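Next up: the structures, one after another.
Each of the next two complexes has chain A plus one more chain, namely chain B in the first and chain C in the second.
This part shows the complex of A and B:
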């Protein structure tokens, strides 16, 4: 049996890895590589779920980890890359908030998450409780990506990062919600992405651009 | 440790940094040339260059002040002093009791500061441009350096280099904690920015629009140029030694016997060769980024260094 110290060490490495991929999405202007980084992030989350399942013996987490890997690390990145190629929009040229500033804001959000989640982390005595602030930081990062970027594809990506953060929070705080709920969430997510894909095509057809700020303008 | 041993180690350290830094530069150039399908310059080209510069007359502009003449010597002495603080093959450092990692970083910055001043000193347009760019990069890199240094110090519980190496070398578990790995990533980016390698600065360029370091030293000639170039090579050597030995302290001798010194030297040479290979590889696949994109790169390394510190307290 693994010692709890070794378990926590690897878990912490994985959770920091997930957070760093969140930062990398903020860093990269290239949409394709941001999508790939999202795939890596989901893969790390799946590994984390497997690791927790292995340690705690919560067998349903294996199934969930498989679903995360299949849907978020493979299917959704493939879908998003297809959108990017079809629309021929490859870079986030001018985000609302510059890349350098948004990286600093991102680091600041991690500090905020630390102070907000510290009481929660202290309230539980699970071995995973230390990584809780990082999961919450992912939620904030996802939200920030969504509001600070112009391209519809990047905004979808921000939403997905937010969803990853919620999933990470659930896995760390309660070793995952019941399987049926989790499967429901994945189904919703997948269908949601499909609908968003159609929506992005429509935006592109109507405005000949996927910059969402053109939606603010009135057209007569 | 007795006085004589410390003195001998100090002499060896100085000889290594003086003699091996041109070889390291030569190694990077040759590896890079090979990766790009060229033959590359001869192994001892940096030495030939130095020998030639030292024989030439040094031309100094009439408008230059004492700073221009003083800077090459100051830089050279700074690098030699730093060499007494930086671990190469042993953790028994000559000036260990005098200062730690923070002193090293500020010696580097002192030499950068004076080089920037001397770039401005002659009043040439390119010198001023180089200085302003160099100071932009240095100002953005400094917070990252300090944060990265503090995160290593937090992990090892000391800012003294010998203590850090002994502590990290005795417990390899410490090397795989998130704080240490993130600090490493941040330090790599800062090393690239500070030593003027791609993608921040191109060390081989003489195209006016892209020069940073080359623009500052454009007015130097003769023995001054030799000292400035040599200092730049030593800076690269010292940064890479710090990077490899602080983050991978395997094989650094922690006792005073000849066998561990020899083993330390061999492992040190291997580490530097690997680092040189990594630099050559990166410089082959990466293009220089636009100067206005450099702040993004350095903001990224700052964010990573901040994460390193946060993860120390969170986890």
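This part shows the complex of A and C:
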């Protein structure tokens, strides 16, 4: 059995790893590699779940970790890569906010997350409390990705990052929500991604582009 | 005697049953039209009975009795209806105009049933028309009886909505849609003013009180500070004035009246715009109980300006119904002018003159209702027969539609205030009150009242010119188009309806002395007994104003005129002219054929006046002559356009509308339709809220 101190160190390391992957998604313009980084992030989350399950003995987290690895680290990246290849859209050519600025804003959002979550983190005596702000930062980063990128695929990715943030928060703060809820969320997510895939094809058909800013034309 | 409450209940039941019956029978167009007309007439008769009960009642003060108080119909406030002298008079107006118009609509509305031989014509839903028609008349009747703030505002809005649906009945025409939208906007602007006005009028009584009956308002209004009373007056003036069609809120009238089916135009112009005057009188005379002199002065000035503006634009408009609509602006102006004068006299303490002016205003309200609905019905008959209202393509209708022509002529003579018809008596009384105004001590009042007198006199002359044009160009000479050539006389019920109104025009002129005492009673109920001298005295067949100032006997005058006509005929006979008609060729400058294109046109008729008032019209003259050859003397095509400037539309509503569009453009930067922008809002709001609520 590891000491509590060792558990926290490994946990913090994994959390920082998740954050770094989030920043990497902001940095990379290549859609394929962004999807791969998302896969890595999901894998890190799965590891984190396993680590917490191992330490706390919450057996259901193993199942959750397996689902995360299977759906978020494998199935969804494969689906998204297929969309990218089929649509022949490989790069986020001109995001609304440039890469350098994006990274700065991302850093700012992390600061905001720390600022906002500090009282929460202080109030608990969970061994995981240091990582809580990082989970919240992922939520904000995910939202920021959807805001600042034009391609529909990247926006889906932003949504997924946001989802990862929520999942991470749940795992860290309460060692996972009840299994049935978590499975429901996965089902939701998976179906949501499938629908988004169909929608992206439709947008591409209609506008010959997957830039969502062309949807402006829809207003009356 | 009838029980007034029972009559009211029967009246409401008739109109509601009418709405249901008309809707259920909408597939059978003839039955629908007949039912609509019969229920309209039955309701009108009930309103007439109610009006006569109210006018006969010899009670002190305003003679008001609560007829009906309905709890629980509306969730939060009772509906309450009260009959008093002022509402009785307006009930009389609604009944007198409503009955013939309902009769007229039976034959007129067959216009909207599609004919198998006219495949292009669309059928319209007469069932919906009937429902809106019944509700419209019912709401007008109830609005003058309403005696709580909530009841009044509720019915006022119902009336506006019902009339909107009637205006847009021919909804397939784009013009109609636009006219309807403009009407809806203007009437709701007015409603906002009324709403705020009533809330301010309630003052402290508003708190925790949903009933706000008029009797409570009368008491609370006295306790209000004078600036608040002034603001209430101004808001009510705007709100009711926009319904009455006073400038600058008249813009909906010339659009909505031509767009609506003719019976609706007749009702709106004959009755509905008068309810604006009703509201203004109810507020100023009754609820506020009079005010400073400038209230009346303002009404007088705006009324005089409306009268002049309305008739000047009627003169240069060649659409028959739009001409009548502008003339309604003018008549509303005359009524406002007289009401304003009455308020000025009242605030100066001269109730004798105030009564005189108010009697004139009330009588003109009734008269205008009768002759303007007659004229609109006549225009409707022309429209039904020729399918055009453009006077430049009419003409020669007197041979083809002799009855319609006669009735339209009676209406025109009445509106031009010529004896022995009704328009003359009303305007004579108003003029008398203004002429007597020198009895007032204040110099300022003299100036305004004298200007009003001038405006009224000028208006009178211009009205005559406008209706010489309307009748002469439309009905006389040769037809200017094939449609006018093939016109046929109006159907029987339409002739009857117009005939009733034409006879009423004559009777209200000749027998004015029978009705004037009732109007005097109404005026005195609010203004108090005459002082310092007598304003209006009615003895037998004679009407006297002031102390030995003016005197008129309409019946004797009528007989005298008839005698004069007989003498003139007799004189012609003596001079050896036996034939009344003499047939000969009109001289055409040496040409042998006479074509309708040589006729005097409406444009040409109006042109001298257009030049005189060029400073107002600012006409734009566009003349283009196309000559195919080298010689300029052989023109192939000449087109001449000379539109006038619509001041209020151009300089008031135009900039306001552009300003609103500009603001909307600015606002659309926020509401842009961009997905990213909306997501950014979510993100920034989330971050801001989180940061703010940290702790």
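Basically, the second predicted complex is superposed on the first by the 217 of 220 C-alpha atoms of A that agree within 3 Å, B and C clash if a C-alpha of one lies under 4 Å from a C-alpha of the other, contacts with A are read in each partner's own complex, and residues count from 1 in each chain.
Here, a residue touches a chain if its C-beta (ideal position, glycine included) is under 8 Å from a C-beta of that chain, and two chains touch if they have at least 3 such contacts.
Please read these numbers as outputs of a predicted model, since none were measured by experiment.
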item: Which of chain B and chain C A:27 touches, first, second, both or neither; value: first
item: Touching residues on chain B, where the partner in the complex is chain A; value: 173, 176-178, 181-182, 295-296, 298-300, 302-304, 306-307, 310-311, 313-315
item: Contacting residues of chain A [partner chain B, same complex]; value: 9, 12-13, 16, 19-20, 23, 27, 98-101, 103-104, 106-107, 110-111, 114, 130-131, 133-134
item: Touching residues (chain side chain C, partner chain A) in the complex; value: 672-676, 679-680, 682-683, 686-687, 690-691, 694-695
item: Chain A - residues contacting chain C, complex; value: 96, 109, 112, 115-116, 118-119, 140, 143-144, 146-148, 150, 212-213, 215-216, 218-219
